[in-house]
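In what comes next, subunit A is part of two complexes: it sits with subunit B in the first one and with subunit C in the second one.
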Partner chain A sequence: MKFVAHITLFILLGPLLVGVVRKTKAFLSCRQGASVFQPFLDLWKLFRRGIVRSTSASWVFDLSAPVVLGASLVLAAATPLWSREVPLPMHFILFLYLMALPRFFQTLAGLDTGSAFGGLGSSREVAVSAMAEPALILSFCGLAYLGGADTVSGMVAVVPPGRIPWRPEVILLAGTMFLLLLAENARIPVDDPATHLELTMIHEAMVLDHAGVDLAMIQLASGVRLVLFSAIVSGILFPQALSLPTFLAIPAAVVKVVLSGALIGAVEAGMARMKLSRVASYLLIATVLAAIALSVRYAG
Partner chain B sequence: MRCVHTFDLGNSAPLAEEAFRAFLRETSTGADRLLTLFAEEPSPGRFLLHAVAGGAAPGRFLYACVETSPRSFRTFTDVCPGTHWFEREIYDLFGLMPEGHPELNPLRFHEAWPKKFFPLRSTDAPAPDPRRGYRFLVVRGEGIHEVAVGPVHAGIIEPGHFRFSCAGETIQNLEIRLGYQHKGIESLFPGGPEMGKILLSESISGDTAVGHSTACVRLLEAITAKPADPSAERWRAVALEIERISNHCGDLGGLSTDIGYLFGAAHFGRLRGAALNLLLRITGNRFGRGLNRIGGIGPRVPGIAPEDLMAELGRLRAEMKDVGTTLLDAPSVGVRMEGTGRLLPHTAKTLQFVGLTARASGRDVDARRDFPSPAYVDSPPVNVLLDAGDVMARARVRFLEMRASFDWLSGILAGAMPPGTIAAEGVVPAAGRRLVVSVEEGWRGEIVHAAVVDGEKRITRYKVVDPSFRNWPALSFAVQKNVISDFPVCNKSFNLSYSGTDL
Partner chain C sequence: MPSALPYVLAATFLVPGILALLIRDPCRSRVVGFGGGAVASFLGLVLTLVGAMREAPVRIPLPAPVPWAASELFLDGLSAFFLVLVFFIGFLVSVYAIGYMKEFDARRRGQAAPLLLNLLLLSMAFVVSAGDMLSFLLGWEAMSLASYFLVVLNHEKREARQAGLIYLIATHIGTGGILLAFLFLVQTTGSFSFNGFATVPISDPAILCATFWFALLGFGTKAGVFPFHIWLPYAHPEAPSPVSAVMSGVMIKMGIYGIVRFLFYLLPSPPASFGATLLALGLLSGVFGVLYAIVQHDLKRLLAFHSVENIGIILIGIGAASLCQATGRPDAARLLLVGGLFHVLNHATFKALLFLGAGAVLQGTHTRNIEKLGGLMRGMPLTGVAFLAGSLAISAVPPFNGFASEFTIYRGLWAAVGGAGTGGIYLAAMAGLALIGGLAVVCFVKVVGTVFLGNARSAQASAARDPSVAMEFPMGTLALFCLGLGVFPSIVLDRLMEITSFLSSAGGPASVAVPAAGGKPFTVAIALAIAIGGLWLLRTFLLRRNGQRAGGTWGCGFPYATPRMQYTASSFADPILHVFRGILRPHTTRTERLSGRFLLEVEHETHFHDLLENGLYLPVYRLFVRAAFQARRLHPGYIHLYLGYILGAVVLLLVFFH
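Here is the complex of A and B:
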């Protein structure tokens, strides 16, 4: 029962978060924008559509979308969203490698159709994720050190004692995770989810050949991943919210997701996308922040 | 009039080939620049190449012509690289082979067209060799891969094919293949100089309706000897500057979209609409169609009083300045645009690029100063010249040109009629073959219309040069050694017309 509720909340919050990001961007550029519930309608539309697939695609292509969605839901089951009790407590190393699984299948699917754009997107996606990996591992190590636990749910939901509300390493780790949120979820400044230009795309180029139900599953999985990262960032900053009684904790989780959507939208509206060659420096900054957080924790 | 010139073809005998070659060499190295180069078949089987140059002094036009064999001529690209695309066009339309041309690929006609189809060559002329097929440049080497984009793009834009040869993300070579919008517009112009020709010229390139129709109407006025009065010329120039503002706004918005800078995209998109609505108030059409009539302007032009227009422009100017400053000063925008898509001044000079592309690469050409129409004679808008040649420079040129246009507009709307007078030299005497040339600075660059007129004042050959036709090769040069993900922003920084090139 709890498992179902947990996963359902993730699935419902994913499109909502995407909708909130888009609405914020529209608001900040003085436009009306579509309703925050538009992504639900888009998904509904896609789920009813047939699939057009490349004649040169193999079973890897057919398998990719279900694997992407499935792996994302397993990850969601291990992430604390409204309670520190999660249906599936998971060691953080396993968590990190399960995060790589959908990407592996998605890059293979991008290559599988043989289109130039798919290959372009896949090679970029792999480059970005390879560069993001040190920062991810370091910050998860930092969290584990900080929280004194090695499961994701255990280490996120810990309030370290201290005189000030947030210890410096907590702020540093939250900052790192936010930088990684933008990089791992194909947001500005690393990628532009709204672009129509295939040549500049990273994530979108890879999934260009997916259609219908497959595309819906991939979009749903992207939403779930975005919620997952938001939950980790807000869990680091506001662990108290995870100890609330259920009837308060669930609304609090929704509020946290909406707020992080507004923050992502504000970042996206405020700056241009980086040059592709600069992504390495961006991820290096995230790595350095995580390393500093670790050493601050070690010293203090 | 300094923007229109008539040459008496009866008096100017074709030059010897070497003299013509020297004329073209002079346009490449000297102060005058090439305006147009086109072929004509005055009688079946006899082919002439006409070249017009000028610009060293306001209103200076030079002309040369040479007779070629009905099969081929020796290429002029060795002495004047700027003739590169002109010769490909001549080959496509007339079947005259430029021998020794460095990259002789069909410009307009792809494989679906008959190989023996040369639309402007008469059937009585000796049949030329079939058109040779298109050959892409093949780049070989470790890790080189090709990316083909278009002709159908992911957006409602014009068709064109781009073939990238990349080493990883880096572009080694870009080949641009156009022609998908060929509509034979030059062959629709011959005939009497009547109103329908203005309507035709408005659809050469939809975003430059004012520029093309103004160049065309002055040419028709020179043929029919019905010059427009200074007030009409003033409104033509006003519409032309507002067309420039609207397109520059649209381009800055497009550049913002391509780098994912939402603020610029949203606001410049809105400002473009506001500028287009001003054109609507003036001419009755958002793109300025219906502005021109032979001998003046449309009966309902201007649909707005100069004072009201000034007030609207004042508001637009203030907003444009705020949004533009925010855009161009944003650090994340600077990082994307500076150093990206650099077009070297040397390349711009050698290949004789025109318009804002040239002015962002240190090449000082502006038809409003070099071939001023009556409204510009005394005070053309302030010249904007940068030399960095990158995407940022082209964005800045657009921003600064808009400012200059606003300044100029407030001057001309506040003042009385421009004192410019119509010189009689534009008027064609009744008899004999003439070549009439008309130049106007559209928002992309100089638009050149040329017409060969027979003794009965009928147009026998009409030649249009859109600035896009001159500048397309610039894109190939600018993107070399850039990463392929920067191509869209480079492309947008030129924003060239396909329709104006494919004719």
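Here is the complex of A and C:
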């Protein structure tokens, strides 16, 4: 029962978060924007459409969408959203490496259609993720220190008693995780999800030949992953919310996700996409920040 | 264990090999020779699993080759583990070779291949079970020479001869290092047997250091550790594919065996600097190996660079284990050593699989250049699936076996961080390992994507078909093991925990190989299977309802897209190349052919030169050649001068020794 609620909440919050990001962005650029529930309607439409399958594609292409969404849901099952009790507690290294499974299949599917766009997106996607790995590992190490646990659910959710909650390393780690959230979820300044120029896209170029059900699953997976990262960042900053009783904790989780959506939207409205060759420096900054956060632990 | 068994095993390896030389019909010769090797390996595998592993340690005396030193086989848990590796991969590769080595039928020397391969397997088994220095070196030389002749099996090709020469020089420099390291031990302990070495510690730190560095030079060269790796990317591609699989999967692990044997058995309580050195070299090998791999277009050369990378990962485990042992963290040390050794087995499994897959691709398309391939998943579905499994494993994607061992190493590093003070080095190792893992994903998405997916880029690629059953069976078995060892890692981990029990702390078994909470690979695998399977069914159902039609890939509204317009492997690697251009140093040349004002042709070439090869090895090599030319003046061919030399030598001897 709890398991079903956990996964359902992730699936429902994903499109909502995307909607909130878009609405915030529209608001800040003085536009009306679509309703925050528009992504749900888009998904509903896509799920009822058939697909055009490229004649170049193999079974890897067919399998990619279920793998991407399935693995993202397994990851979601390990992420604390409203409670420290998650359906599938997972060691943080396993969690990070499991993120490679959907990426592997998604990028392969990009190459499978024989389109230059797919290859272009895949190539950039794997390069960005590879360079983000050290920062991810280091910041998760830092979190595991703070939480005193090896599992993702255990480590984001604990504030040691008798300590002030927002110590410098906590803020540093939350900042690092936010930088990584933007990089891993194809947001500005690393990627622009709203661009119409294929040459400047990463994620969207990769899924250009996906349609209908496949595209719906992939968009849903993107939403789930965005919620997952938001849950971790907000879990670092507001761990108390995870100890609330369920009837309060679930609304608190929704509020946290909506707030992080507003934050992402504000960043997107205020910034332009970086030149692709500067992404490496961006990720290096994240790595250095994580390293500083870890060194604070040694000094203290 | 009866003491005649080793002789029986040796005979079952060698007799079919010799018979293969005598049989006139090449097809029968292949079946007898490689088939005999497969039977012998299988026999060895069974004997090791039911005999040696249970009864370890086993001692079997051998007739002494020299009067002043006894020889024996000494099989402890570590030896038995490596024996399993040799026989397991040996069995599958021998079966594969029955089908693959057809291409050597027309050539007379091809008939020597079964004998050489069997000799290589037998000598490796001998190396890991040797209990004294002389038997070890004997096995080591036999192994080096057998593999040299296998590398130059394609001796008509200039590249193969060149690769063979580089390999021969490298391996002998290595043997020299090992010999010196052993001689230091003999000098200190006065014994030739490994058990004798272990009893007397080396007290002089200078000698201890020299022993370690010579052993590192020797075993590191064989293993392909970063500064000594340059022979690997030459020898692996030129050898026939089954031989590459054995060399990369098993033979380079003999170097790892040597390092572990020295560090944890023969040199009692080595200082922390040894472990730190190995850890640093492991990180360098890992990062450089995978970076060079990413920019390769030659499928087998790319895989060879990945061997350097994986040896790096193994060394991170072993080096950190030694460091932890020296700094008093036995539990972390044990976990790290277990992880390193587990990665030895896992790397053997997936790398052998990938080389065998590369062999099937090579046989089907006659090219190793991945830019000419594409779409092979259609013509070679079985090879494609097996290769994909191997790629997921080598990229450490859960729930495959590459992840299982890297996870153990990570957990060891994490346990070591938890201690006092010096955790920074382990954190750096974790970050390095993460970078290596991420880059491996880049490389294998590139390989699988350009070789097996999309459209064929050449006529050979579209005509390729799956190979014979003899070649499919080993690939399928290895692919199943890649998944199986990832889902049920405790089968191996428990054995390895027993083998490394000498590292456990006094308080008892505090560390466990499989984490109690949050890391059960089986649970995750089941969760993934349910999620992906359920969504697959949902997709199938929805597609049946909504409809699905075939159409061309979207080409921006332009028709007539050709396979040449697909993304190339070079373009795919470009973002990484751009970031790491300071290390990879691409050299680009562009030549234009003009006719009047019109551009007719542009040729664009990019080369990558190994930093060490040009910066270190070539200058040293040139120095040697120059010195040799100078020395040549000493023997111009006049007999009078030579008589003068003899006279001079006699006079000098008389002067110095009265």
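As a working rule, the second predicted complex is superposed on the first by the 294 of 300 C-alpha atoms of A that agree within 3 Å, B and C clash if a C-alpha of one lies under 4 Å from a C-alpha of the other, contacts with A are read in each partner's own complex, and residues count from 1 in each chain.
What we mean here is this: a residue touches a chain if its C-beta (ideal position, glycine included) is under 8 Å from a C-beta of that chain, and two chains touch if they have at least 3 such contacts.
As the structure is a prediction and not an experimental result, all values here were calculated from the model.
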*Please indicate which partner A:116 is in contact with in the superposed arrangement: first for subunit B, second for subunit C, both, or neither.*
both
_Per the contact definition in the header, classify A:212: touching subunit B only (first), subunit C only (second), both, or neither._
second
*Superposition-derived comparison: subunit B or subunit C, residues of subunit A touched*: C
*Look at A:31 in the shared chain and tell me whether it touches subunit B only, subunit C only, both, or neither; answer first, second, both or neither.*
first
*Contacts of A:55 with subunit B and subunit C, given as first, second, both or neither*: second
*Regarding the shared-chain residue A:2, is it in contact with subunit B (first), subunit C (second), both, or neither?*
neither
*After lining up the shared chain so the two structures overlap, which partner does A:45 touch, if you call subunit B first and subunit C second: first, second, both or neither?*
neither
*Applying the touch criterion given at the start, work out whether A:63 contacts subunit B, subunit C, both or neither, answering first, second, both or neither.*
second
*Which residues form the common part of the subunit A surface touched by subunit B and by subunit C?*
116-117, 119-120, 124, 198, 276-277
*Which part of subunit B faces subunit A closely enough to touch in the complex?*
145-149, 154-155, 169, 256-263, 265-267, 270, 330, 332-333, 335-336, 340, 483-489
_subunit A residues touching subunit C - in the complex, by the definition given at the top_ = 47-56, 58-63, 65-67, 69-71, 73-74, 77-78, 88-91, 93-94, 96-98, 100-101, 103-104, 107-108, 110-120, 122-124, 126-134, 136-138, 141, 144, 150-152, 154, 198, 208-209, 212-214, 217, 276-277, 280, 287, 291, 294-295, 298
*asked:* Under the stated contact criterion, what part of subunit A meets subunit B in this complex?
replied: 25, 28-31, 116-117, 119-120, 124, 188-189, 192, 194-200, 268-278
*asked:* Taking the touch rule as given, give the residues of subunit C at its contact with subunit A in the complex, in rising order.
replied: 374-375, 377-378, 384, 388, 392, 395-398, 403, 406-407, 410-411, 414, 417, 423-424, 427, 430-435, 437-439, 441-442, 444-446, 448-450, 452-455, 515, 517-519, 521, 523-524, 527-528, 531-536, 538-539, 542-543, 546-556, 561, 563, 565-568, 571-576, 578-579
